[in-house]
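Naming follows writing order (A, B, C and D), and every chain is counted from residue 1.
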Amino acid sequence: MSVPSEPASAGLDVGIAMRRFAPLLVLAAVLAALCVLGFELKPYHREIAIVFFINVIMVTSYRLITTTGDWSFAHVVLMGAGSYGAALIAKHAGLPFGVVVPMAGITAAIVGAAFIVPLLRTAGFGFFIASFAMGELVRLIWVKVQFPFGGTRGIINIPSPEIVGLRLSPPVPYYFTCFIVMLAAVFIMWRLDRSRIGNAWKSIHSDDLLAECVGIDVARYRSLAFITGSFFAGIAGALLAYRMGAIDPRNFDLTTMIYLIIWVVVGGTATFWGPIIGLVVVTIAFEWSRPLLEWRPLMFGGVLIFFLIFLPGGLESLVPKVSNALRTPPGQQFERLRTWLTTFASRT
Amino acid sequence: MSLLEVRNVSKRFGGLLAVADLDMTVEEGEIRGIIGPNGAGKTTLFNVISGTYRPTSGDVFLDGNRLTGLRPSRIAGKGGVRTFQRSAMFSDFTVLENVSIARHLHARESLFGAIVGTARGMERANEVRALEILDFIGLGEFRDELAPNLSHGHQRALGVAMALATEPRILMLDEPVAGMNPAETERMTRIIRRLRDEWNITILLVEHDMKTVMGLCEYITVLNFGKKLAEGVPAEIVSNPDVIEAYLGSEDILGDDEFAA
Amino acid sequence: MNLLLELDNISVRYRKIEAVKGISIGVGEGEIVTLIGANGAGKSTTLRAISGLERLSGGEIRLGGKRIDGASPERIAGLGIAHVPEGRRVFPMMTVRENLEMGAYLRKDAAALRADFDDIFRRFPRLQERANQLAGTLSGGEQQMLAMGRALMSRPDVILMDEPSLGLSPIMCREIARIIRTLHTEKRTIVLVEQNARLALALAQKGFVMETGRIVLEGPAAELRENDKVQHTYLGVA
Amino acid sequence: MDAATLIQTLLNSVVASSIYALVAVGLALAFGVMKMANFAHGEFFMVGAYCVYVLYALVGLPFPLAVVLAIPIVALFGVVVERLIFRPTRKNILAGFMATAGLAFVLQVLAGQIWGVGIAKSIPTPYMGAANVGDATIGWQRLIVIPCAFAMLLALRYFLYRVKLGKALRACAQDPEIAALQGIRTNRMTMLAMALAGASAGLAGALMAPIHAVTPYMGHGVILIAFVVVIVGGMASIEGAILAAVILGFIHTFVTTVTDNLIATMVGVGFMALTLIVRPQGLLGRERA
């Protein structure tokens, strides 16, 4: 069944080169645009962009955990662990931004490590529920404990970020700070995703018993994914804490968690970029729907339900379908649409 | 010393004693078959040896190392690996990637190494070995095919290739030819024999296809009701009245002639 | 003879494996037909296809001349086919009596139902002793009786039995054989899947020997009993 | 703790346990049949409370009638959720569950938009006064929860163990394939399970309406407790859910009396984490072979 090798032609080489470098070009263009936007955006939109960068770290780290097949409901609380860690360290120890952010990541990783011990006993559905309950436990501790967490009012007057005497708090520098941290975090997670460790995670999702039998210590790798994901959630939390200057338990509640799930579900988790696509689309939709006010959760709850029922693979699953459709002649496309409609009709 | 020793192993599920106080030894370089009628406890025994189940009592030793209570990944590390009755594979990956993932034990990577990419050289050596295994199994030409696209026979062969990727001393095959057509069965039989002859791997197999078992195994253990019913070379097994009775049922199961047709 | 159940060239496919490859079997009214063969030959799959648990990839199944393939298991149960599944599969957390009631789930005739309960308990005195015990606590043989009783409670036209002797002691096997023999004298139609070939061929009138999804031998049970090829199929000697 | 406080706390524990049991039993029942849980189960509780708010406080029906009417209304919600969300997502357990998290959003917004967000609805207490038990006093409104919950649980038990349809539901939870072979329509059974889940959660919400603060977000705390209870009890086990409800109801009430509500919730979740480590299948859950 081997494909007969065609004689290499110049045209083919260009085609291959295009295919290989096109994504890189797109990426470079996006990055360049984001650099320019850092200076050009209106203040309000710059704020949205900063939150967007933080959320990119959140969705990417969340996806990292889901590659093992574990869907956590505690990710936002782990982000909160990073925020609280960063706020407390910056305020009481007076350490600089560059030290606080990784320490916040480590704080979240430690909390994540404590979570994963009982969570390993569960899988799939139980994992979801149990992680929700454990996340709530931690959130309730923040609500309850006055010192050092400040109870319901949280922590205020978090020092502004500074690096070797450089003030990062004005919008433009903070935009670039978050941008760079996001790039670094995403790059590291991308490397992990494509490494042997990433493949081990995905193999657990695919068939955990087989993975175990070929020598992959499933418990260890599930823990590793959860703790690594928590670490990056903690980094995102630190960026958020510095951005807002004050945090309280409500920043990390169930609503935020459900939005995180909406981003990820809308985008899809099969590819590395899916959750980011979902985040982009939902962020834009969220801004457009600002006039809807309180009806927005209803709308996004509906979006979540719609995607899970009708497009469980998320937007990314449309990419091969669309590119396939573009390649097939119209007659066949009609035929395909018809079969799709009939199967759809028979399903409902 | 025997390579594999099963000592007084029992496994109970609720009220059912699936394996009852079983002893068995397998010598290095053997091809050993485990057979028995449906529900005889073959698969349970297999799962106990490979660490999928923890035995209710008794112990399993591989080359003198106690395996009891270890997880399958640890047992794989000690040289014991199993395949599955179903077609088991990592479905999002290509054939080569599947085997490469299964080389986990021999290509560990640290978190830092994964990020910086220090393991290039190791990965290349790893891939060479993975290809060697694929060529041996006869899947070399499908290396870049997605695993679920393979035919049934090739998927089962991929399962064996992945087990080989762990570099086992003993390979435990769970119905290696189930669902295969005669040509595929023949090919698999040849591969198993070569694994022992050329790669010096001890083989333990559970199989229902009697032609394959009788043709391949030098020594056979027959289970019935979780106990060892007979043990011996194929010729002995085939003519053993107890075994025939276990498979075909007893002549006098109907008691007196009340029911003679 | 009048054929009650007909399998016409049926095939069943599990993902990539064709577990049943075009087999045809006719079952006459009041007849016991047995399907024998080694593990993995496709016997159970055939039964599951009849009761609608597996979808056919080819062929037809007819009950009393009407096609039933493609119908849901619930509907097929209503058409008069009862399935005694492999491994008994009683409802473990329900009492013996409740298990029997579930067998009669589709029936509305309360008076006749009461008579049938008495009938089952007369056939299986052990079940009466344990009527209020959870089915999960019964022995293997008792569970087998319960599974058979549950099937009888639906007053089926055809009973499918999957490996009733599996994992049972010789004494229990004899007991099960006696029950099946009694059912035959009552003119019940039974399709019996067995690994225990001698037992099955002693009970049945017609036998089919399956090997890797195909029927390799068929004929009157008495003839198959004398046929050496049956043993060869099982033990793989050429 | 003096005798009066002790008696009072004991009574409150029974009240809490009754409500926990009502809420958790439905979740466990539906999980048993569908192998899926409903994240919007807490919102069923909320809808039950709003039924009483509308029918009793606004329309002016008698309180008992409002409570009784809440039961079929929320049961209907259960059926609709089964048809619209769980059936299309049956093949993917997590998808169904996450979709109901979206549903929780939808129901919260609807309640908030129809009846207003902000301050909790004030519902006049239908049964004023308090009973004296020894030196302890406990409001009739609270006390009445106990017989109502018992009645519902007994009715549920009667249905599941005495009525043919209820037995079929149990059969379906134990082995759906074999249940289908008996002619039991499994689709009907999942709908029935969700109706019962809605009914019991709705009753719990209705009973708590005059005691609990009625807001669109009241389901949140409830779902947390319900999940903790079913995990401790063993996911699909109804008896386990009731046992765990009693244990956690007592723990919660006693810890609340000694310290406060938040710490009590934390202790409950801690208890769940401990259960997962020591006995992952739950108190009465069956170990999978």
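As a convention for this text, a contact is a pair of C-beta atoms (placed from the backbone, for glycine too) under 8 Å apart; a residue touches a chain by one contact, two chains touch by 3 or more.
None of the values given here were measured: they were computed from a predicted structure.
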| item | value |
| --- | --- |
| Remotest chain, subunit A as reference, centres from CA atoms | C |
| Rounded Å distance between subunit A and subunit B, as computed from the means of their C-alpha atoms | 41 |
| Averaged-CA centre spacing for the pair subunit C and subunit A, given as whole angstrom | 53 |
| CA centroid of subunit C to CA centroid of subunit D, Å | 43 |
| Chain centre separation (subunit A, subunit D; CA means) in Å | 33 |
| Overlap residues in subunit A, where contacts from two or more other chains coincide | none |
| Subunit D residues counted as touching two or more neighbouring chains | none |
| Multi-chain contact sites of subunit C, meaning residues that touch two or more partners | none |
| Touch-based graph of the chains, sorted into line, ring, star, complete or other | ring |
| Interchain contacts (touch definition) - all pairs | A-B, A-D, B-C, C-D |
| Residues of subunit A defined as touching subunit D within the complex | 71, 117-119, 121-122, 124-126, 128-130, 132-134, 136-137, 140-141, 143-144, 254-255, 258, 261-262, 265, 294-295, 297-298, 300-305, 308-309, 312, 347-348 |
| Complex interface listing, subunit C residues touching subunit D | 51, 53, 72-74, 77-78, 82-83, 85, 89, 91-94, 98, 101-103, 105-106, 150, 154 |
| Subunit A to subunit B touching residues, read off their complex | 1-2, 188, 191-192, 195-200, 202-203, 206-207, 209-219, 224, 228, 270 |
| Subunit D to subunit C touching residues, read off their complex | 164, 167-168, 170-171, 174-175, 177-186 |
| Subunit B residues touching subunit C - in the complex, by the definition given at the top | 14-16, 37-39, 87, 151-152, 155, 175, 178-179, 208-215, 225, 238, 243-244, 247-251, 253-255, 259-261 |
